[in-house]
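Following: one structure in structure tokens, then a few remarks.
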Amino acid sequence: MDAILQTLIQGILLGGFYAVMVLGFSVIWGVMGVINLAHGEYLMVGAYMAWALSNAFGMDPFVSLVVIIPVMFVVGYVIQLVLINRIVERPHLMALLVTFGLGIAIANVVKLLYTADPKYINISYGGATEIAGLTFPVVKSLIFIASLIIMSALALFLKRSRLGKSIRAAAQNKNAARIVGIEINQVYAITAGICIALTAAAGAMISLTVPVFPFMGPPFTLKAFTITALGGLGRIPGALIGGLVLGITEVMLARFVPGIGTNIGIAASFVLLVVVLIVRPQGILQGLRPMDEVD
Amino acid sequence: MALLRKRVEKFAQGWFAFALWILFIIALYVFPYSGFITEKNELMGTLQTLSQLFVLITLASNWNLIGGMTGYVDFGHAVFFGIGAYVLGVLVTTSGGALWFAPALPFWVALPFAGLAAALFALLIGMPTLRLRGPYFSIAMLGVFVAMREIIRVWKPLTGGGAGLTLPPQNALFGFPQDWFRMGEYLVMVGLMGIAVGLSWWIRRSEFGQTLLAIREDEVGAEMRGINTTYHKIAIFMVASFLTGLVGAFWAWQNTFIDPDVVFFETRTIEMVMMSMLGGLGTVWGPPLGATVLYFLQDLIWANMGDVHLLVLGTSMILLVLFLPEGILGSLSDRSGTSFGGLFSSSKRTEREAAPQEKSVIEKSSGGV
Amino acid sequence: MSTKPLLEGRQVSKYFGGLAAVNKVDFAVYPGEIVGLVGPNGSGKTTLFDCLSRVQQIDEGEVFLNGENITTSKPHQVAHLGLARTFQVIRVYRKMTVLENMLISRQWRGEGIFSLLKPSAKATEDRARYLIDFLLLGPLIDEQAGNLSGGQRRLLEIGMALMPDPDILLLDEATSGINPTLIETIKDRIVTLNKDEGKTFLLVEHNINFISDLCSRVYVLNYGEKLAEGTPDEIKANNEVIEAYFGAEGE
């Protein structure tokens, strides 16, 4: 029983992280209808930035978020303006191929710069604390908390701020939004900037727990897709639930199925993904926007 | 201009082009004996280079069957390559584990099994995935690919896991002496390529090919006109994967060592997509052309710029999609054959936006993506 | 009029989320009839068509074609049983010529994967040419479908639907956006097909004149439910129908 509870906690912590990891992907898809296959690569870039800052200045990854987020916002903004805006209103296949190619290009640029050798971040804190008789790994708990903060901030932003409302308007009806005077290209660029900054932030956080190497991206992209399929497009609660489901499933599998490495998380994601896509394309929560509305 | 394009299209589908292909294959078979290159090492080297090119051509052509002609852009097609490779690998080695009771099979016996295994897997995985619309299918297949790689890695007793599988050294095929083994491989690959592209041509001009085209252009309309789209999609999926499995098996044999990462290599699918796109999605001769261009381009880049070729690949993909989506042949012919009509048409998207009621959530909706 | 309906729906219902797009609709179309299906926008006409042609799942109720229960059939199966359908948004293959469009719409009946290279059989091509002429598209036979006018494409789509020689045609807003001359042509062709070949029609329409001229009976849908049924005159005089159509085209 205790083992199950512990595993559950691990799963929840992982799930919380997944939720924030997915947001960038999900919102880009929900707002622009673009499935960003370079998602994992942006995460990887964030991880590298955290490592580089830690390596050069001894900066703690959580602290480096202050640098990473603005920088990646600009990067995302520019990429969107220059490249992705061209394919937003085109068929999905183009977006898939372009972002696919972009992902490969980014991964290989990083490889050229830093070689394919995995990098690790050294931190002074670690281990676990005990609360109420349950063990909480320190780093992962911090990540979880940071994730929740980020998610809440995003939710507030989207709901309350004018920009957030423009984004939501653009997501629901491009043409109506245009008519009301919303400059769609700008909105997209800003959205992309936010999303990519978010993703990089997730990458920075994950660098604390996994080795950082140029080709670490694709599993995250795939998981992002699964979670979005589970939770629905552009929905923060959906991302949270989807992330939790995946996180818990992954951890449970790793713990209780003998002989399976953590890599099986990918296989699990995929099976989950196909099942969801077949059975309920709208995601598992009721009342979500159906995915095909974005076409 | 339109008339010229029509002529190109008709030529491509006609008997004359096919005859040229047969002649080409025959020429390839004659080539090693022609005395053109007499120095043995040089000959073996050339044959090996050509074999690699033929592998690419065959893969591109196979992928095109499902991706180009039917419009189901398979982002995970390399999974069938991997399955073919591993099935062959397991069958030809006396690996313990699950197949301890079976002796190691000779190459020729194991080869068809490899293909069949890939086809069966296609059947299994195609049933759920082919129901998904455009991008969802693409990504689901990507997921299949990644999942399969990990499953193979985890299935140590059977596959040797991450450590890989070593195949017996190639007993030269066709009774060639050991140091002529490249010859045997070359002959096999010429045959495989000949069959794959020939089959592609045959399908394209048959009624079956017409069905695929109809499915690609407008799946709901096709269903409405009496086409059992599920049957046709699965059928072509199995054909394409069977052939790809054969190539994978051959590749494993040639390499004598396989492991999950080398066999389930993401880049392979990207290459397949790019080659077909470059040449002209959905055309018969486009993918081979694209494969050839890509091969020489990669060779060039390797020679001069070393390690950046993946970077160039990724960038080229972007440029290709933005500026030359029809590919080379596609731009030359009348476009009815290429996917420009179906997969890239922006008019399709706005049309679909105008008729939201027509979409059924689960079934694949109006053609293309 | 024989007593057995060609196409019959009993309590047909289709839900999207909590909303009933089609709500327990009963109807019947008898062989040789031309029946109309009208209703304000959003009343569920196209959704009903989608259900009948099996493009959409039917949540409740049943549909029978020639006595056979097709409620869970697939679209290609009902096509084989003699039902054809056109769509609101015209579905023709724009990059192909008129003739090619017709040829690709021939009757498909379970070719195996190894159907050998059979460029279209002579009989099919004859029929295609005949129908092209019948629909007055003769001069355009080698023209790319994308170059045709909206009305001509509409006629082409009808032609494509006719290729497999269906017993019943479901035409979804065949006259929308078409100029009056072509509307007359469409009307005329429908009448000919009905009288000479006994084809049955179920028409979704907004054009009330079109319906009045052609249909012997009309069903009216509103909010997914059957509001009324009767002859065109009866429908036009029905107060509830008039109310439902508040603001729609007069007459």
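Labels A, B and C are assigned to the chains in the order they are written; within every chain, residues are numbered from 1.
Here is the rule we go by: contacts are C-beta pairs under 8 Å (C-beta built on N, C-alpha and C of every residue); 3 or more make two chains touch, one makes a residue touch a chain.
Please read all numbers here as calculations on a predicted model, not as lab measurements.
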Most centrally placed chain, judged by C-alpha centres: B
Find the two chains joined by the most C-beta pairs in contact, please. A-B
Using mean CA coordinates as chain centres, what's the chain A-chain B distance in Å? 32
Using Cα averages as centroids, what's the distance between chain B and chain C in whole Å? 40
Measuring from the mean C-alpha position of chain A to the mean C-alpha position of chain C, what distance in angstrom results? 46
Going through chain A residue by residue, note those that touch at least 2 other chains and give them in order. none
Could you tell me which residues belong to chain B and also touch two or more other chains? 352, 362
State the interface residues of chain B toward chain A in the complex, per the touch definition above. 73, 75, 128-129, 131-136, 138-140, 142-144, 146-147, 150-151, 153-154, 156, 266-267, 270, 273, 277, 307-308, 310-311, 313-318, 320-322, 325, 343-346, 348-349, 352-353, 356, 359, 361-362, 365, 368-369
Residues of chain C defined as touching chain B within the complex: 21, 46-47, 50, 53, 55-57, 74-76, 79-80, 84-85, 87-89, 91, 93-96, 100, 104-105, 107-111, 113-120, 160-161, 163-164
Enumerate the contact residues on chain A facing chain B in the complex. 35, 37, 83, 86-87, 89-98, 100-109, 111-112, 218-219, 222, 225-226, 259-261, 263-264, 266-267, 269-271, 273-274, 277-278, 281-282, 290-293, 295
Quick check: in the complex, which residue numbers of chain B touch chain C? 202, 205-208, 210-211, 213-214, 217-218, 220-232, 235-236, 239, 334-336, 340-341, 347, 351-352, 354-355, 357-358, 360, 362-363, 366
